[in-house]
Amino acid sequence: MLNTLIVGATGYAGAELAAYLNRHPHMNITGLTVSAQSADAGKLLSDLHPQLKGIVDLPVLPLKDVAEAAKGVDVVFLATAHEVSHDLAPQFLAAGCVVFDLSGAFRVSKPEFYTEFYGFEHQHLDLLDKAVYGLAEWQADKLKDAQLIAVPGCYPTASQLALKPLIENGLLNDSQWPVINATSGVSGAGRKATLGNSFCEVSLQPYKLFSHRHQPEIAEHLGVPVIFTPHLGNFPRGILATITCRLNAGVTEEDVAEAFHNAYHDKPLVRLYTRGVPALKDVVGLPFCDIGFAVKGEHLIVVATEDNVLKGASAQAVQCMNIRFGFPETQSLL
Amino acid sequence: MLNTLIVGATGYAGAELAAYLNRHPHMNITGLTVSAQSADAGKLLSDLHPQLKGIVDLPVLPLKDVAEAAKGVDVVFLATAHEVSHDLAPQFLAAGCVVFDLSGAFRVSKPEFYTEFYGFEHQHLDLLDKAVYGLAEWQADKLKDAQLIAVPGCYPTASQLALKPLIENGLLNDSQWPVINATSGVSGAGRKATLGNSFCEVSLQPYKLFSHRHQPEIAEHLGVPVIFTPHLGNFPRGILATITCRLNAGVTEEDVAEAFHNAYHDKPLVRLYTRGVPALKDVVGLPFCDIGFAVKGEHLIVVATEDNVLKGASAQAVQCMNIRFGFPETQSLL
Amino acid sequence: MLNTLIVGATGYAGAELAAYLNRHPHMNITGLTVSAQSADAGKLLSDLHPQLKGIVDLPVLPLKDVAEAAKGVDVVFLATAHEVSHDLAPQFLAAGCVVFDLSGAFRVSKPEFYTEFYGFEHQHLDLLDKAVYGLAEWQADKLKDAQLIAVPGCYPTASQLALKPLIENGLLNDSQWPVINATSGVSGAGRKATLGNSFCEVSLQPYKLFSHRHQPEIAEHLGVPVIFTPHLGNFPRGILATITCRLNAGVTEEDVAEAFHNAYHDKPLVRLYTRGVPALKDVVGLPFCDIGFAVKGEHLIVVATEDNVLKGASAQAVQCMNIRFGFPETQSLL
Amino acid sequence: MLNTLIVGATGYAGAELAAYLNRHPHMNITGLTVSAQSADAGKLLSDLHPQLKGIVDLPVLPLKDVAEAAKGVDVVFLATAHEVSHDLAPQFLAAGCVVFDLSGAFRVSKPEFYTEFYGFEHQHLDLLDKAVYGLAEWQADKLKDAQLIAVPGCYPTASQLALKPLIENGLLNDSQWPVINATSGVSGAGRKATLGNSFCEVSLQPYKLFSHRHQPEIAEHLGVPVIFTPHLGNFPRGILATITCRLNAGVTEEDVAEAFHNAYHDKPLVRLYTRGVPALKDVVGLPFCDIGFAVKGEHLIVVATEDNVLKGASAQAVQCMNIRFGFPETQSLL
């Protein structure tokens, strides 16, 4: 039985993490915390997320002293803002915890990336080297020894799971950048009050054209440039990415199918469509990434869907943890 | 040509008002204003409400000096918070303007009502007496001379239009209070950032049971007690009220139909259903209140729908103004 | 290990049943069937409901010969149309199966009810007597010996769970009928193509005023008349019922709270709100019925929510089965 | 005053057409018709589309004899299925009517296109030559003499308005096909009952990858190949197209802005964004196509939005008619 602490438990990913870990046979939730300044400190998680009433009725306590909070804790999940994770991760590592960070603080190895895209100067370059990028299907080996796991977020998970088998197999024509059009549910923006997230203001719209911080993250981990255009969708949960690529001459539909099959036939949380492409609704509330594709001539369209809060955050964090500690990969996720 | 000023033009009702008045052949918009503290001051209305781009591209200016702002203005619309309207209305009246107030500041004649339900002590008791309650279908005569019109809001408009013909004709059994269950779109809460209005938090839910301020307003103007239960609905616009009443012994379906017919057959913004009941979608974006009903034995159910921002706010304000100045009642509304 | 057959597995309730039973440690799904005429016959359940891909990939076979289909089967779930259940239930009972019927075919004891509200003449009056009404929280004793369980549907479950404690404790004033206003997601109308269910036609609207077949069902089982007004809501799943009642003189808020507490404090699938009332979103996807209430003077409003396809259909069927066979009541539901 | 007939008035585009023409000062609706087989024949348009109650209460009559129906009619709108338009257009033309066809029957000049993409053999090759493609902003001259106008539909209108200024000005690098990702509201599929359009089945999903009939239509009229990927969105109305292109070396953001400005600065129904890109909600219910863009290096993203039933169908048909007969271009549209 591993003792676990969820830091930043009040957001959408934090609440789902709590639900997963609460039913995990090898995990014992020893604490849920939130920033000491938060008005939510002291409330029950199920008061903030009433769907958890009767399921996870634990209090969310203010995080004051990290050393104190880390006592007896084996595993920490950081569902916190980037800067907060950046500061907390080293402290929990120093206390001997294995840290799963759901923020962007350790996802990219280059320190200048944080200055440019996150607006802070990274102070822990050693950890940038040591952190394992938790794209679970592709990092199983590295995860087994990892102390700090940087769990990728929603857009990068769908985008990379869709593109990586193609790139690894050399199927894409590099004269043309893959065009990733992705639409995310509003939960992607977090549990907070902004005019842009208010019900009457939300509608389908692209945002941050050519300038979203996930573009360089995707590009670094794939090793190729991409055009990434995120959209806000008028739904609470889920991501659908439609990715248009050019194939190398002679690459066939069968080659593409084989690349996906080889990559994922034994991966329980990727569901490959052999006919048609996935629809968003079929993955909402589930821990999968669903992938389908179509080929015509030199062009390929890959469609990937996932629940942004699950495979795009909390479920993938638990999946990484299951791999890290040798539990069944889908334990408590299905 | 009347010169008109819209105070509080940046909200949902303000924007619709601007669109109606902009196309009104007898009105000239001389200014749109917002609180001097607002971050929106100085922007174009069409930057805040891009649907108005190319239609109403006027700037929204900070309201600093009321006397200055009122110069040359014939008609003022206050689409402002209750306390703000309470303070501004006397000033614009003193400047000789006819004032249409879309807030709750002058809707009920009893001063204690404001202390209890709005949290401020009313300072203008004389205006409470003089203000005409702008339930347009029932106040045409009084509106013609009014200087201050308190335009009723969304729930009270639908509820009263549905119940008033029954009460005026003595059809309801007073042993039992009418039960008003009403569901409103999120725009009813205004254009602002709150966690409760954020996209992922909105879902069908009753609120303020037995304690919403519209309950005493409806009761005062109808002259009977009511049970009013508002609900938040997962849609941006519209109100549907389902009202269950007990009829006096002997009252028939025909009596009910006749009461509605007599009240509204010559009212262009009330659409009576002679078969079935209205659905919400059919009135969204339109200035009507739609009403249908069913009778069984001693029980009556009346269903009333409207667009909360239109007949429940801006369209009714324009309707009142059309009546006040002798323009066709539906001018610029249809 | 009990062998189970789901008849009518292709609908929304059937698919959820399959998911619950698939993960039930004591159940073995031996077959999923659909009408032999259905175009869905022969497909995988996960082709019709892709969310089940990788979870329940069983084929849905045409039901041809009941005796054949019943061989070796211990438990049958009928997620079929009322007339179909009416015909099939006796045959499966004759074959020795325990039958859980999710249709309306055996929910009311009076045969004339079927003629009037379902349009067919009931042929199995003996079964009407023997059938146990599966409102699980109130029928645990009877369920333990039942062979035919008539699982109540969505509106009656929410309405009765909300009202029964009040009626059993004599708290309601019978001079006034409880007013049940309930709004259901579109899934309540089943998985089928109709213009009324098409995306652009759905909007909040009451229907079947004073004439819905659930009104007499609720009234019979509660033993009091009610006014029941169903509404279609613009969401796929869930029911919210707002119920307005008159209390007997002297009944207090504490009396109401106590009645609910006594009825449900040990019932795992009813969640009582001691503060506030439930919102729809917090129960969607979960097997609970959530209940909250408010009292003012002689009036009481009770709010009950549930997922219409779960506690209002499939989850309650599994809950009844768990009780019937002595499994933990929430086995595989949470 | 021109007499006009709407054939196929019961669909979403037909109803909007009726509303526009009903308020047009130079048009007189002499008839609304529907297929003689339709169950809607004989009903009021406002019974089928209750939002038109009190606005357009005309009956929809079965179309039996075209010659009879065409008597005294100057202008015919065909809001009918492709095959129906194909058969009716020549008959109404022979009767001397000017015909605005909202179907796909005359949009592309090559007869083999109909065999391949519409499944019928075109019989009126002379009309394919004579028909004017009603992309209003680009065809004003030709429209002035046209007898048969093939009004383009939703996807092609948004896509072409976005791309045509770039192509006409030679800004795009033809080594790479423009990637059009477009999401349409469910009304795009018409007013009919299908499982795919039913409320619970709709969710964001691409469809007809590489095989939608609008792909060759767009390509023919633009004169360049394109990759067109349509998506179904979970909303009733509107289209958002995100189009990714490669610019020729040296083309700047200013060049792009200038091309759009030159093309549309005097076109009242195209709204150019000089900052940011449009959101879907801001154009729903309005007759505009909104266009914005962003450039980075050699890549360009153009975003175009419109109401698929308005600028993508009925409003554009009325716009074409206004141009054809010399009325103000936006008459009755704003």
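Here the chain labels run A, B, C and D in written order, and each chain numbers its own residues starting at 1.
Following the convention adopted for this analysis, a contact is a pair of C-beta atoms (placed from the backbone, for glycine too) under 8 Å apart; a residue touches a chain by one contact, two chains touch by 3 or more.
Here the structure is a predicted model, which means the values were calculated and not measured.
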Pair exhibiting more inter-chain C-beta contacts, B-C or C-D: B-C
Chain at maximum distance from subunit C, centres defined as averaged CA atoms: D
Computed distance of Cα centres, subunit D from subunit B, in Å: 37
Distance between the centres, which are taken as Cα means, of subunit C and subunit B, whole angstrom: 40
Whole-Å gap between the CA centroids of subunit C and subunit D: 46
Sequence positions of subunit D contacting 2 or more other chains: 201, 234, 278-279, 281-282
Subunit B - residues contacting subunit A, complex: 12, 185-187, 191-195, 197-202, 234, 236-237
Subunit A-touching residues of subunit C, taken from the complex the two chains share: 49-51, 53-55, 268, 271, 278-279, 281-283, 285-286, 288, 290, 334
Interfacial residue positions of subunit A with respect to subunit D in the complex: 175-177, 179, 181, 183, 201, 203-206, 209-210, 227, 229, 231, 233-235, 238, 240, 242, 244, 246, 277-282, 294, 296, 299, 301, 303
